[in-house]
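Both complexes shown next keep chain A, but they swap its partner, so chain B is in the first and chain C is in the second.
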Partner chain A sequence: MLDIEIDGKALQVVEGSTIIDAAHQLGTYIPHFCYHKKLSIAANCRMCLVQVEKAPKPMPACATPVTNGMKVQTHSEQAVKAQKGVMEFLLINHPLDCPICDQGGECLLQDLAVGYGASASRYQEEKRVVMNKNLGPLVATDMTRCINCTRCVRFTQEIAGLMELGQAYRGEHAEIMSFIGQTVDSELSGNIIDLCPVGALTSKPFRFSARTWELARRKSVSPHDGLGSPLIVQTKHDKVMRVLPLENEEINECWLSDKDRFSYEALNSPERLTRPMLKHGGQWIEVEWQQALDYVAHAFKDIAKNHGAAALGALLSPHATLEELHLGQKLMRGLGSGNVDFRLRQSDFSQDGQGTPWLGMKIAEIGSLDRVLVVGSFLRKDHPLIAQRLRQAVKRGAQVSLVHSADDDQLLKAHAKAIVLPSQLPQLLAQVVKCAAELKGVSVDAAITALAVSEKAKAIAESLLSGTRAAIFLGNFAQQHEQAATLQALAQLLAKITGANFGFLGEAANSVGGYVANALPGADGLNAGQMLAEPRHGYLILNAEVELDSARPLQALAALKQAATVVLLSPFKLPGALDYADVLLPVSPFSETSGSFINTEGRVQSFNAVVRPLGETRPAWKVLRVLGNLLNLPGFDQDSSEQVRAEVLGAATPTPEFVTDRLANPLSDVANNVANNVAIKLDAGPNGLERVADVAIYSADVLVRRAPSLQKTRDAASPAARMNAVTLQQCGVSAGQELRVRQGEGQAQLFAVLDAGLPDGAVRIAAAHPKVAGLAAMHGAITVEAL
Partner chain B sequence: MGALTAFFKSLFLKELFQGLAVTGRHLFVRKITVQFPEEKTPQSNRFRGLHALRRYPNGEERCIACKLCEAVCPAMAITIESAEREDATRRTTRYDIDLIKCIYCGFCEEACPVDAIVMTRIFEYHGEKPGDLYYTKQMLLAVGDKNEVQIAKDRAQDAPYR
Partner chain C sequence: MLSDDAFKKIDREIAKYPADQKQSAVMAALAIAQDENGYLAQETIAAVADYLGMAPMAAFEVASFYNMYDLAPLGRYKLTVCTNLPCALSGGVDAAEYLKQKLGIAFNETTPDGLFTLKQGECLGACGDAPVLLMNNKRMCSFMTTEAIDQLLTELRADLRGQAT
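This part shows the complex of A and B:
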């Protein structure tokens, strides 16, 4: 610890900290532009100049390390004169266009100019003009306003992992630009809008639509990926205008992925369903709530009476709130049917009852891991901010190994990578297990010992065993895999052998919540896969576009089309549902209802509605509650979502912050699981081509599919049939050629694209897109022919 | 003594005659009453009457939707909605002033960085039914177009003092 003095106040600071750190510790504000707590130090704005005793010149507070006995004056005559001088230089080239600047009212330069700027400019010469750059559909630029602080450049390089922005030319001519002709395509690109201290980088969807002082700031939680980023939703006149991150060091730090930031556009989409609708003689008519709910209650009662309650099924969404999932399953169970599920994309359910797929640790602890194995995850696209944490961990010296079926650039230096066909993933993981067992001297199942071990598997096992804090994570791809149970059993075994933490990277905002609310089939019920494979007479669908969100789209569509009654609770008029549904009930998206999400680390985050429901829309928990009343079911008398939450979680107030004590990834039964799963399934080998399906980042859920700006990004490009050179040659097609892809009874027409990151024999076709809804399943054999 | 003086004052109606003297004097003073509407009093070039939205000489509307007038308005009489126009400039899609809420303080004119919202000399306007005094962007622009000569002249006269 060093003893220093700032403005006459003595304090102790840790060695290696800078003057600005020390000042913040004391609560003293030092004006700055380029300094940011999460970014490296550039010291190029010079706004933070302070007077240091015995130093001949003012020193930049952000870049000057403290020394013992240092005496700093932050507001002395010399310091203020230096700061005012810097401000005058910064304002020389800055246009005086605050009235048309979107940053007006929330601009650091504007604020500091009040304190340090002169009332008039002495500058007579011509001002510099910088041409605007096209950075894509999310970030608007006014580069003349740029003060060259390089925060955006450092962000793309250090946090997003790829230097998509840079500073070109020198001195007066210096300007920030992307690579010639390139846009900024990072899945975290929206953060440069927050980082920019001036109006050079602003939000394109929000452009010119409102001023910061008109907006009400309300807290909410992101309904997309498993992280559950806390949000500040800004609203005006009951309309969501934009979304900003709410800083939480334990979840999102101060960042937000573009998905969380820009998906709000869908909330104001013209596709919103605002009144209940009934299909009457093939025509959709708008009706009153009472009529629609009576219809549903009668239809469900009829089916239960004529065909038995088991002829009903509920397909819920992992993006629905805890309260909705609870009431949804309660309704079905009340009717006597155990057919409830929310895991629509899962295809292997044989691991049911073996604990809850959660992270197994705190999100904040990811940064302190030193050995990580990620199995089957499109990490950057599925979990942008968890990928960011791993990236920082790698920079600190952690070794991250990847086992996957596609070698996407995760923008982190992977220690070892094993890219194999989906069907060979279990085998590969088993090789790692064998290696680790040998190194540790543990005996494992004979089926595993018999395997030949590849170099990569050996490297991964050695890496996992060499560290002190290891973790193994199963990503979305592994959870959706046809042999998910085998992968889970093997990963658990590996975790047990290596002493690593075992966990899942949660697919959706409430993937854990679904388990806590027990929105799962019991012993007598059918899971999502079975419900669609063995068609039911009546379906209740909550907030899901089943023909896109399902593991087997064709089967799902067929099941829904034959059903006598399909009731859809959705905020949107889903185009597919207009065909198969019989009743459309408009329910609130996350912004218009209160509720809770349980994120992948088991953290319960409750939120309130930020705007009033649009039109006749009602919160889904209320709709389900009233439906329960109409069906004369007991236990549907809650008055608030808090009461529903209390029913699920037990305690009314205060909210339990974590439910980790109810979650478990038991490592104790591992031996049995392995014996049951591995021996049977390890041999499943490939026959011909295999499909690798990712759920593209901007088609993952109902909301993002309707966010126009996100749909214009490169990540939202239409799906293609991606193959490596060997596979292309093997199929006799060339890149750019149009293909007919057949899978099961379905087919789709796609263009062939060369992707060197795929194993031989793999055809990567994104799922969850209308263009590929004709393909039978997210996995399995596929054939390709030139058109 | 005091009581006696008061008695004589009231007996001879002194204060009444004092008052009548004032009335009598004013019978012969020059009259200031004007016969409105035939006659009108002179107005300052800073007169704060009906609002107007101005245009540049080339016909382009001045308002850039900075919303400073909306923010400064103490009566919250101004409602603005803004958007990007096809030519990528910042423009209002809605600019309404509720004249019933307005207190004619002139802050909106003070706040405007481009002299778009101004207060004219017009004070003889009325509404016949509810809503007539809710002025929309088109109405305000029409007022501006009609009175631009006078508005420009007033601004030019006042310019040295700003």
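This part shows the complex of A and C:
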């Protein structure tokens, strides 16, 4: 520890601290622009100059390490003179256009200029002007305002993992830009808006729509990925205007993925459903709530009476709240049907009934891992901020290995990578198990010992065994895999052998919550796959576009089309549902209801509505409760979402922060599964092709699919048929050519794209997009022919 | 974009640094690329960056920082006149003015015949020889009085004629 005195106050700081760290410890503010606690030190703005005893000149507090006995004055005459001098320089080339600047009112430069700037400028010469850049649909630029602090540059380089921005040219001509003409395509790009201390980088969707002081700030939680980023939702006149991160070191740190930040645009979409609607003689008519709910109650009662309750099924969304999921399953069970599920993209359900898949550790602990294996994950796009944590871990020396079916650049230096066809993933993982077992002298199943081990598998096993804090994670792709249970069994076995933590990267905001709410088929019930494979008479759908969100879109659509009654609870007029549904009930998106999400680490996060429901929209938990009343079901008299939550989580503690007691990664019958399944290969198409399907980041759920600015990004590009050069040649097609892709009964017309990161025989086609809803399944054999 | 020969030269530069720090060779690699193509096109910079395993923007930062890298096609002879303070005090600005008038172009322009491009440069570390200029990034010309400039231009033009015949 070092002794230091700041403005006469003594304190002790750890070795290696800078003066600004020490000042923050004391709560003393030192003006600064380029310094940011999560970024490297650049020390280029010089705003943080302070007086240090015995130093001949002022020192930058952000870059000066504390030495023992140091005495610092942050507001002495010398310090303030230096700070004012710096401010004068910063303002020389600044356009001083606050009245027309979106940053006005939340601008660090504006704030500090009040304290350190002169009231008039002495500078009479010409100011420099910097051309604006087109960084894409999310970030607007006014580059003349830039003070060249390079925070944005350091963010893209250090946090986002690819230096998409840089400072080109020199001296007075220096300017921040992307590589000529390119947009910033990072899935974390919105953070540079927060980081920019001036109005040079602002939000394009929010631009010129409100002043910061007109906005109300309300806390919420992101409804997208399994991280559950805490949000500050800013509203004006009951309209969501902007979303910013609510800092939480244990979840999102100070960042937000673009999906979490910009998906709010969908809340104000013209596609919103604002009144209940009934299909009457093939025509949609708007009706009162009472009429719609009566209709639903009658329809469900009729089906239960005439065909048995098992003819009903509920397909809930993993993005729905805990309360909605609970009441949804309660309603179905009340009607006598155990057909409830929320895991729409899952295809292997053989591990059901054994536990709640979760991360297996705290999110915050990811950063301290030293060996990681991620199995089957489009990591960056599926879990942008978990990928970010792993990126930082790699910089600290951790080894991250990847086993997957597509070699997308995760922008982290992977230690070892094994990219194989989906059908070969179990084998590959088994090889790693074999190798690890040999190294540890553990015996494993004969089916595993019989395998030949590849170099890559060996490297992965060795890496896992060489550390002290290892973890193995199954990504979305592994969980959606046709042999998900086998992958899980192998990963668990590997974790046991290597002493690693084992966990799932939760796909959606309530991937854990759905289990806790028991939105799952009972012993007699059908799961999501079965409900669609064995069509029901009546479906209750909550917040999902089943024909896009299901593992088998074609089958899903057929099942819904043949059903006598399909009731959709959704904030949007979903185009597919207009065709197959009979009742549309407008229910609140996350911003218009109270509720809870349980994130992938088992953290319960409850939130309130931030705006009033739009039009006739009602919170889904209320709608489900009233439906329960109309059906005369017992236990539907909750007055608040808190009461519903208490019913699920127990009333004793209002909000247990973690539901740790309910979490247990399902233990699989390792030996049996492995012996039976490792050798199994999926049927390959006539030309041996297999589909690899990712769920593109901006088509993952109902909300984000309707966010216009995100839909303009490169990540939202329409799906293509991606193949490596060998596969292209094997199919006799070339990149850029239009193809007919057939899978099962269905087909789609797509352009061929060369993707060197795919294994031979893989055709990668993103799922969850209307253009590919004609394809049978997210997995399995597929054929390709030139048009 | 770049010949095998150029890549071979770049490999030699890369070999001077530890294997995981290939990007240390960026300045040399850009110079090699420029020698081959006459200037650094965007694609050339991207190719060099790719070869060195660095972000294209990082290579562009380097290419745009130093004024011996040229980001656009130039005339056959690039004349960079030092206009920093010591030179400016000893006739640097006059030399530049004379050149402008003689060639009929301003800084950053190229003569219509495509022969000469005039640039303004930073201190060349030869202030004592002021005024100084640099020809095609490689040849240093000292004591550039008006006579010396005339002589240089004649020489370069003659050179060209010699080459043509």
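Definition applied: the second predicted complex is superposed on the first by the 763 of 787 C-alpha atoms of A that agree within 3 Å, B and C clash if a C-alpha of one lies under 4 Å from a C-alpha of the other, contacts with A are read in each partner's own complex, and residues count from 1 in each chain.
Operating definition for what follows: contacts are C-beta pairs under 8 Å (C-beta built on N, C-alpha and C of every residue); 3 or more make two chains touch, one makes a residue touch a chain.
Computed from a predicted model, the values in this text were never measured in an experiment.
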Practice problem: Check the residue A:168 against both partner chains and state whether it touches chain B (first), chain C (second), both, or neither. | Solution: second
Exercise. Kindly classify A:29 by the partners it touches after superposition: chain B alone (first), chain C alone (second), both, or neither?
Key: neither
Quiz item: Just chain B (first), just chain C (second), both, or neither: which does A:209 touch?
Solution: first
Exercise. Considering only touches as defined above, state whether A:180 meets chain B (first), chain C (second), both or neither.
Key: second
Exercise. Name the contact category of A:100: first (chain B only), second (chain C only), both, or neither.
Key: first
Quiz item: chain C touches which residues of chain A in the complex?
Solution: 157, 162-170, 177-181
Exercise. Provide the residue numbers of chain B that touch chain A in the complex, in ascending order.
Key: 64-68, 70-71, 82-84, 89-91, 113-114
Self-check item: Residues of chain A that touch chain B when the two form their complex
Solution: 98-100, 104, 207-211, 213-214
Quiz item: What part of chain C is in contact with chain A in the complex they form?
Solution: 42, 46, 55-58, 60-61, 64-67
